[in-house]
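Heads up, the next two complexes both have chain A, just with different partners, chain B and then chain C.
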Partner chain A sequence: MPETLLDIKNLKIEATVYPPGEDPHDITIVEGVSVSLEGGKVLGLIGESGAGKSTIGLSAMAYGRGGVRITGGEVTLNGRDILKLGPKALRGLRGREVTYVAQSAAASFNPAKRLMEQVIEATLKHGLCSRSEAEARAVKLFRKLGLPNPETIGSRYPHQVSGGQLQRVMTAMALCPEPSLVIFDEPTTALDVTTQIDVLAAIKEAIRDTGVAALYITHDLAVVAQVSDHILVLRNGNKVEYGPVKQIIEDPHEDYTRALVSVRSIDHEEKKPAEPVLRVDNVTARYKGTNFDVLSNVSVDVAPGQTLAIVGESGSGKSTLARAITGLLPPSAGRITFAGRTLTPDLKTRSIDDLRELQMIYQMADVAMNPRQTVGTIIGRPLEFYFGMRGEEKRKRVQELLDQIEMGKGFIDRYPAELSGGQKQRVCIARALAAKPKLIICDEVTSALDPLVADGILKLLLELQAQEGVAYLFITHDLATVKAIADSIAVMYRGKVVRYGPKTQVLTPPFDDYTDLLLSSVPEMRLGWLEHVIETRKMESAGN
Partner chain B sequence: MHPIVKLLSQRIALGLLLIIATSALIFAGTQILPGDVAQSILGQSATPEALANLREELGLNEPALSRYFDWLFGALQGDLGTALTNGKDIATSMASRLANTLFLAFWAAIIAVPLALILGLVAARYAGRWPDKLISGVTLATISLPEFVVGYIVMYILAVNYRLFPSTSVIYDSMSLLEKLNAIAMPVIVLVLVVLAHMMRMTRAAILNVMQSAYIETAELKGLRPATIISRHAFPNAIAPVVNVVMLNLAYLVVGVVVVEVVFVYPGMGQYLVDHVSKRDVPVVQACGLVFAAVYIGLNILADMIAILTNPRLRHPK
Partner chain C sequence: MRRIPLSALIGLFFTALFFITAIFADFIAPYGMAEVVSNSIWDPMSREHLLGTDALGRDMLSRMIYGGQTTIYIATLATALSFTLGSVLGFTAATIGGWIDQALSRLVDLVMSVPSLILALVVLSVMPVSTTILILVMGLLDSTRVFRLSRAVAVDITVMDYVEAARLRGEGTRWIVFREILPNALSPLVAELGLRFIFAVLFISTLSFLGLGVQPPLADWGGIVKENKEGLVYGIPAALVPAVAIAALAISVNLVADWVLNRTTSLKGGRGA
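And now, the complex of A and B:
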């Protein structure tokens, strides 16, 4: 009979919230969740934001983030209820029996201290071994996790290593005290897809070799399927379904789980090529004060009523291309033609029609809206600015736009803070639409959203395209999104377009090396995918 | 060249430029003051001939620009001119005054800065609880009272009631260090009370700001004690804002202590300046202004340089 390491019974977690315009009150974040984990096994916690995944994960350290309080239930770790421990006993537990790997390693390392100092800190604090032994342990872990220069990387500062490396250093930090449980809280979510796969493989191998148990928290079912033994599906703080990973992926019992499994399911037939509305011709651009081109000789076309997806990892120049087209970053060479007119490089010299017909939607809907304006004011502003609408006429048009984005009457007088993430993004779409644009540049518009919500946004964008005939330049790092929405695709790498053409052509072999790497790195919702890819890559590199 | 060397030399160059610009302002300021130096030296009953002779002698008939450059180049070589009222060399008479002021500022700073930092750390550690409220309340009270009020209260309690210290703080070169410290104890106490609050509150605010960071949670989840988290993880990242306020207060200890010096009859720069302002001794006022400006700018540039040096991103570029 395997030993139970962690046993959570009937967990209840509450928090005090301070909504605008209301009295502070307590809300229940998690209720009635029970789950247990055997030593050496991996439990995946999955759900959308607000499902209580991280909160449950941190309860295994008896820790509540911010105003979050664990108010009921039992959390038994190594045979004792840790919710009953005092602060001192808890400090003895944290960083020794249970450790934590956070989502953003870049923010979770102290910028003022060297990596080694931070990696061995918990080990030393708990008196587990001497400094030199701890450093030797750390170097061993660095090597196991595939970090470059394992002997010397510890003497670097966090800002001197890349995001993917930092995430591995953080994993080493969690494994260094040789805990019995590690909590991984979305450890690869912030990484590029090509980096994610390496980090994922490194984490999986480290878990297997050290025999540590893990709670793996993520919103990406395809990722958790690669590393977990069991999966707990959560929604709004309640348990939806719990079972072995095979059953959850291949035979989900609950509707919600089925929706998660099949989320990437929009069918979109590509349209026939047509005379372009936007033509980017040999555009080269660089940022002021730097001496390299962020974009070099980029040429792409967008046809009216169609979608061009720009894909690539961070730093590939995707967003810079958007800045060049909108005139925020005047290109140093090349030509941009839009609706038959040549656009001037600088935004300031463009005509009001150029501005109106070229709209933009951003990743962070939050910061793209003035928090002190109502939805009506936000959407009404372009109506006023471009069409001179006032009063009742403007309000009627705003309401029409709200209907188009499937938001009802009640929203016109609300403030952004009162909307959900998906609703905020819808308001941004309505605002762009208000200008009656010919082209909307969508910069990672679904990246910050949960899969099901993102799905809704994509469907909405497709519907609007069919109604209004607007073209999209859709920037994303998510290839599943591309498949769902694009008519043509441009793959960017280091400021260059490495592959460009109609969707089916771009996604059909033979591939160039980079597109192959990019496509094969997208996690697939099947067991053994990670091993398969790693194995294939090893064989390929051995073959070369 | 290491980029940090470039940054630091830029700051130093900027500081020198600022001092020169300030010197021009000081000179211009004293020129547009109403009244006439010769007149104020000789008094109302002076004959026009005597005034003309004195103006000639003082070089007041030269164009302002050439007088400014004469003064500036002299000052750069340590020659601040001679006082009109007693004909003494300003640099020499100011040196001992400046030394006294720095002596007082030094002892006030050596107590106030560590005390403020410790109180700030304690207040941040117990934020919102009684130690925080007590520290914040008391320091707020001492900063809200005008310095001379604090000065007379301290004097009343320590010198009059308990007779611990002399009521005036006159010091001579022949006194031993201990005697000097005994003499300046009360002004030091007053200055500490006055500058404590700013530095303590800034330390508290900067620490609490850093405490919101994700890496503080990482430290908590390592099982570190709250005091360790604050001193090892939060404080190193709060240095830049704190050091700026510390330097502003140090500058205040040198250039802003006029009132305290007058209250305790302490022979420092403040008294010297006040004396000569009332006598319209323009060269002395200009010299004091220049020295004060140099101290003020110097300390602020120093704060900038410390902030640059403690920033790991600048110290260890990619």
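And now, the complex of A and C:
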């Protein structure tokens, strides 16, 4: 019988909030959560933002982030209640028995110190071994995590390695003191999908080889399914469901878990090709003061009332294509035709109709709306600007648009800060719709949102497309989203379109190398997917 | 409505007191501004002359009240000028960018590279000294600092997606500056407003003390310090009265500015909590 390593009982966590214009008061973040973890096992914590997963994760080292207090329950680690430990005992615990891997490696490393220095710091501070031994441990871990040049990578600075490598170095840092528990807080969320798979595989292997137990926190059920033994589903600080990974994925008991598992299963029939509303013809663009083409000879079409998805990892030039089309970055060569008219390269010389019929929705709805304007002003401005609507007429139309995005009454006088993430994105959609556009460019509009909320937005976009006949140019790195919404797909890599055509054709083999890599890297919601992909890739490279 | 903190109340009270006294100086002052009321100089405090008399036998309280009027009047107008000019130019430079931004910024660098007191002394020694000229010189010199601040704040805001969205909509520079940037730049600017007003008070006082500011017999606080500084040698504290007034005004305006900054940042959609 394996020993229980971590035992959380009836955990209650509270925080004091300071809402503007109200007296500060306490809110409960987590309540009545109990879970236990055996040595050497991996527990996945999953939930949307605000579910309390990070807060619970950090409670395993008896820590609460700014203003957060653990007010009830017990957290037993290796047989003692760590909530009762004093500061000195906690110092001995943190970074030694329990370690932590943060989401953003780039923000977590000290840019002024070499990697090795930081990786072995905790190990040395705790006096676990001598410097040379610690360095030897680190190099071993670097090798295990598949980092290039494991002997010398430690002498580099954080900015000299890639994001995925940095995340692996941080994992090495967490494993170096040989802890009994590691907390992984969304370690792959900020990475590109093609990088994520490597890091995920490295983490999984390291966990298995070192026999360490882990809490793996993420919002992506498909990811957690690959690394965990058990999964704890959380919502609003409460436990929804707990069980072995196989049961959660294949036979979820709760409705909420079922919704999480079946997310992105929107069915979308591909429409027939038609005469394009937007034609991008051989467009090449570069940023001022550089001698490098961010886009080279890109040609794509968007048919009216249809969706073209532009897929690629970060740096592939997909957002730059949007900037070239909107005129924010005038292309250096090529032609863009829109609704039968040739668009001038520069935004400033475009006619008001060109501007009106080409709208844009952004990734971060927070910063896409002026925080000092109400929803009514934000949606009303295009009405006023393009159609000269004022007063009652404008307000009525704004309300119609709000109804269309399923937000109803009571929102018109609110400020963006008083909306949830999904509602903010809906308001941005309404602002775009207000202009009665022929084409909306959607730049990663769902990637900052929780899966269920993102699903809602995608459904709304599809509905609006059916009602208004608007075309979308949908930029994303998420292939699941693409499958759900696209009629045609363009895969971009380093500023070039490497594969382009109707959806079914692009997603049907034979693939080119890059598309294959991209498609096979998207986590799938089934057990053993990660091993399967890694195995296939090994065989392929051996075959080559 | 949140309760006003004590420090802000004190600041508000004194600031209001100073401004009201300045506005209604003619009704409040017991004697004329330059009226000689005593045959002896530096009379001690008495019932007739609450703050005593000055180096020429004029009523100190009346001098102080009229002096406050001049000082606050000049400082207020100079601050208003520097803010209007500095923020509009700063926002415009940040919004338009390119060579306009470069030209304005380098010009400001040039002006700022010379200490403003020295620059003011040079300008004022060749120009005829009048209140208007004083306000213009102070306002123009101070606007460089406001320009720097508002440009820096606006540069952060212009890269926001909502400004890009406004550009894509086809909005002109005026809408972008006044409707998109200004409301979001307000809280740092308001805090700076208090600070710049205080510096204007100190600046005009310094100029007058050096004899290049407000010219006698017109009273102003810096001038009153200068007129009575000889008394300090004989242990007569008359010069300290305007000094205390300057300090009190500076502190109380600062308290108000702090409070306003705290309040505006917690506005709906503000940055702080």
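Simple rule for what comes next: the second predicted complex is superposed on the first by the 544 of 544 C-alpha atoms of A that agree within 3 Å, B and C clash if a C-alpha of one lies under 4 Å from a C-alpha of the other, contacts with A are read in each partner's own complex, and residues count from 1 in each chain.
FYI, a residue touches a chain if its C-beta (ideal position, glycine included) is under 8 Å from a C-beta of that chain, and two chains touch if they have at least 3 such contacts.
Everything numeric in this text was worked out from a predicted model, so none of it was measured.
S.K.: Check whether A:V445 is in contact with chain B, with chain C, with both or with neither, and answer first, second, both or neither.
M.R.: neither
S.K.: Have a look at where A:I120 lands relative to chain B and chain C in the superposition and call it first, second, both or neither.
M.R.: neither
S.K.: For A:P371, select first, second, both or neither according to whether it touches chain B, chain C, the two together, or no partner.
M.R.: A:P371 contacts chain C only, not chain B.
S.K.: Could you list, by residue number, the parts of chain A that touch chain B in their complex?
M.R.: 61, 63, 65, 90-96, 99-100, 102, 104, 107-113, 118, 121-122, 125-126, 156-157, 159-160
S.K.: In the complex formed with chain A, which residues of chain B make contact?
M.R.: 213-215, 217-225, 228, 233, 236-237, 310, 312-313, 316, 318
S.K.: If you look only at chain A, which of its residues touch chain C in the complex?
M.R.: Of all residues in chain A, those touching chain C are 18-21, 326, 328, 347, 350, 352, 355-356, 358-360, 362, 364, 367-373, 381-382, 385, 415-418, 431, 435.
S.K.: With touch defined as at the start, can you tell me which chain C residues reach chain A in the complex?
M.R.: Per the touch definition, chain C meets chain A at residues 1-2, 160-162, 164-165, 167-171, 179-180, 183-184, 266-270, 273.
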